[in-house]
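Below, subunit A partners subunit B and then partners subunit C, in two separate complexes.
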Partner chain A sequence: MSGALAEALNPALFWEYREILLKGLAFNFYVFACAAAAALALGLGAALLRVNRWRPVRWAGTLHVEIFRNAPDYVMVVWVHFVLPLLLGLAIGQRLEFPPFLSAVIALGLVYSGYFAETFRAGIQSIPFGQIEAGRACGMPERLILWRIILPQVVRRMLPEAVNQFVSLFKATTIVSLIAVPDLMYQVSMVTQQEMRPLPLYTGAALTYFAIIFLASSLVRAGAERWRQKVYA
Partner chain B sequence: MSSIPAISVVDVHKSFGPLAVLKGVSFDVPRGAVVSMIGASGSGKSTLLRCINHLETPSAGEIYIDGEPMHFRVAGDGRRLPRPIAEINRLRRDLGMVFQQFNLWPHMTVLGNVVEAPRRVRGLKRGEAAELALECLRRVHLLDKAEEYPARLSGGQQQRVAIARALAMQPKAMLFDEATSSLDPELTDEVLAVMRDLARDGTTMIVVTHEMRFAREVSDRVLFLHNGLIEEEGPPEEVFGAPRSERCRQFLSKYLQ
Partner chain C sequence: MGNWERMVWNQRHLLLDGLVVTVEICLIAFAAAIVGGLVLCLVRLYVRPLRPVAIALIEFFRATPIFVQLLWVNYVWPELFGWPDTFFTAGWVALALQSSGYLAETFRAGIEAVPRGQREAGLSAGMSHPLVFRRIVLPQVLLMVAPSLVNQFTVIVKSSTLVSVITVQDLMFQSQKIVHTWLDPIEILTATAAIYILVVFAVSALGKALADVLRRRYGLATS
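Right, the complex of A and B next:
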């Protein structure tokens, strides 16, 4: 038993393959960054639909949120990679295939846009309406009110919640190895097949993910808290 | 040109669903005049004020700002077309509005609040806008608070920032919607003092207020609203001194005891 633990915690093998594993980790970051950007943009769009004054528009926003928030990451990744290109291909009458990286970004971007939409919506609706009227009374167009009055406050208010969602999204990037995006998990399984020593490799991957997420979220939370206190003291 | 009133309200009606709040209100505000609107809660004062800058759309009737209709424009062939929102926004710049709840933007400093609209709406350069904003803050005696955030100010100070913010658009008229109603009595005076200064400087103002002494002292004209109609109007000495309508007398007796 203690032999297995020592094997699991032995960093030598992980270190030996550091170059290829680091390249894999870089893919986690790429997928994370692109999917986060897509999720934020789509999420904001869906949130704006959800607070629109016309009911059918609100319904469209709700539909987006409910579909993607309730789709499991894994199912979504597989569906976007294998089914969506078929559907689109039928529509345009051409054979279509997505590169795995693109599928991963679309799938995770969509799923997390559902979560971000709800966070944005709650943030937008928490802004007292009087502040919006004050903007209108100054002759500010709605677009300016959104960018200058609503969103800066929404971003501050949603940060703690958004950090949690970013963490979940980063964790979710580990499943993209399923459709052969060469991320850290993918590389670990490749090396494992070669070396037949899963214990140190998978443990190393787990510790690496833990360290990155722990460090990044602590930093962001501390920074966000200081930022909020500056204004709302 | 100078005979055109700064603000002209013509037969304005406003209903919220089945509830008729304004039932045909007309009055003029000459340039440089101060008009106070008094009346019980629910008499339609605030709704009327909000109709003037289109925060509420009147159900019927029209508002003219310097002779220009707020809610429609006349097409080449003489037809009345509803104004697009961009044009309404342009006309709104000429009306500074001060709210009961201040409605400052908490994520911006005091200076940021005042600079925002001149810079982004009127397109002034950063330096020009800041200069203008500081001048407005000086008028409300808050130059020393320019770098503070609103949350650090008292209610009276916040309301004075809101006044400076409205002044910074260099409006043709100022609209005050119960500007002192959510303030403690000791903070009310500092806001009224600023409003008094504005009136003395010849600012055109419409003031919805429950401060009868202030209304009596500062106004050129007083309107008493009841049930969505102007029940009584006239110079303050008449409305306060010798009200003709029984309702107005009853209303005032509650305040002037």
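Right, the complex of A and C next:
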């Protein structure tokens, strides 16, 4: 066992392939950035549907949230990659195929938009209605009320919850290797097939992800808290 | 609709077999995660010399993606510890590790929320420390964290789709097997996604209702 432990913690092999592994890690960050942008935009859209004054519109928002919040990430990734292009292809009468990267961004963006929508909605509903009425009484159009009065407060209130969701989203980017996006996990399994030494590679990957997520989430959490206290009494 | 019948309805035995495996692995992982989380949390709070170890484990389990942990347990553990010996075991162990980290923190918040005076009252009435914990602290903690437990269970169900990657024959595995046989993924993958969404929705709705009933009956305000 001590031999196996030394092998697992031996960083030499991980270091030897550092270039390709770092490139893989960069893909994790690309997927994360694009999916986060998509999830925030879609989530805000769905949240606005859920606070709309018309009931059918609210139902549409609720449906969006319940479908994507309850869908497992992996199932969504596989569905978007293998089924969605076929359905779109049938609709426009042409063969379609998504590159894996696009499928990964769409799938994770959709799933996390469900979570973000709930966070946005809670934030929006925590704004006292009197502020909106005050805005209307001053003659502000609804769009301006949203951008100037509601959203700045919502963003500050939802920040701690949103940080947790960004962390989960980053963790979820590891599964995109399963549809052959060349991320860190994909490269690790490729190198493992060449070298036949899974111990140092998988342990290295686990420690790398741990270090990134642990450091980033502690830093962001501390930074967000300070920013909130400075801007928001 | 011929495709739906051929590829979903006629394959229902495979899908049901898969669903049974999914339910099994989730329940085992959940039970193990509760035990593991409780142990980690108690060690962190009450066993001074082992505290740093518990904190390190909790942080490691929480900050590592489940997919990475799954492959790590599956490929590295057998050579390190000679265990787990089956893919099924590796699957539930990985799911349980991840959740035990989160549950340890949930339990800790619950334990710290029980007023100190209650523990002191128990001790001064002559109850031993373990008895105070079992009769006074733990029941309240379980009621308090019930909604988080339900939430964590839905996380386990969602993550359990990944065990198909290490060839555990769960619902996702069976559905992909059908895809590979018929090479026509539309109906079967859509049905699989719908089943998972409905299962997770049902689990969280039922779990929340149950937690509310328990909390109301035993006198904790519902949220």
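Everything below uses one rule, namely that the second predicted complex is superposed on the first by the 230 of 233 C-alpha atoms of A that agree within 3 Å, B and C clash if a C-alpha of one lies under 4 Å from a C-alpha of the other, contacts with A are read in each partner's own complex, and residues count from 1 in each chain.
As a convention for this text, contacts are C-beta pairs under 8 Å (C-beta built on N, C-alpha and C of every residue); 3 or more make two chains touch, one makes a residue touch a chain.
In this text the structure is predicted, and so the values were computed from the model without any measurement.
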*Quick one: classify A:A26 as touching subunit B (first), subunit C (second), both or neither.*
neither
_Which of subunit B and subunit C A:D73 touches, first, second, both or neither_ = second
*So which one touches more of the residues on subunit A, subunit B or subunit C?*
C
*Answer with first, second, both or neither: which of subunit B and subunit C does A:C138 touch in the superposed model?*
first
*Touching A:P128, do we find subunit B (first), subunit C (second), both, or neither?*
first
*Contact footprint of subunit C on subunit A as seen in their complex*: 1, 4-5, 7-8, 66-67, 70-76, 78-79, 82-83, 86-87, 167, 170-172, 174-175, 177-178, 185, 189, 192, 198-199, 202-203, 205-206, 209-210, 213-214, 217
*Which of the residues in subunit A end up touching subunit B in this complex?*
128, 130-131, 133-142, 144, 148-149, 152-153, 156, 231-233
*Which residues, counting only subunit C, touch subunit A once they are in their complex?*
59-60, 63-69, 71-72, 75-76, 79-82, 154, 157-162, 165, 172, 176, 179, 185-186, 189-190, 192-193, 196-197, 200-201, 204
*Going by the contact rule at the top, pick out the subunit B residues touching subunit A in the complex.*
53, 55, 85-86, 89-93, 95-97, 99, 101-107, 116-117, 120-121, 149, 151-152, 162, 165-166, 169
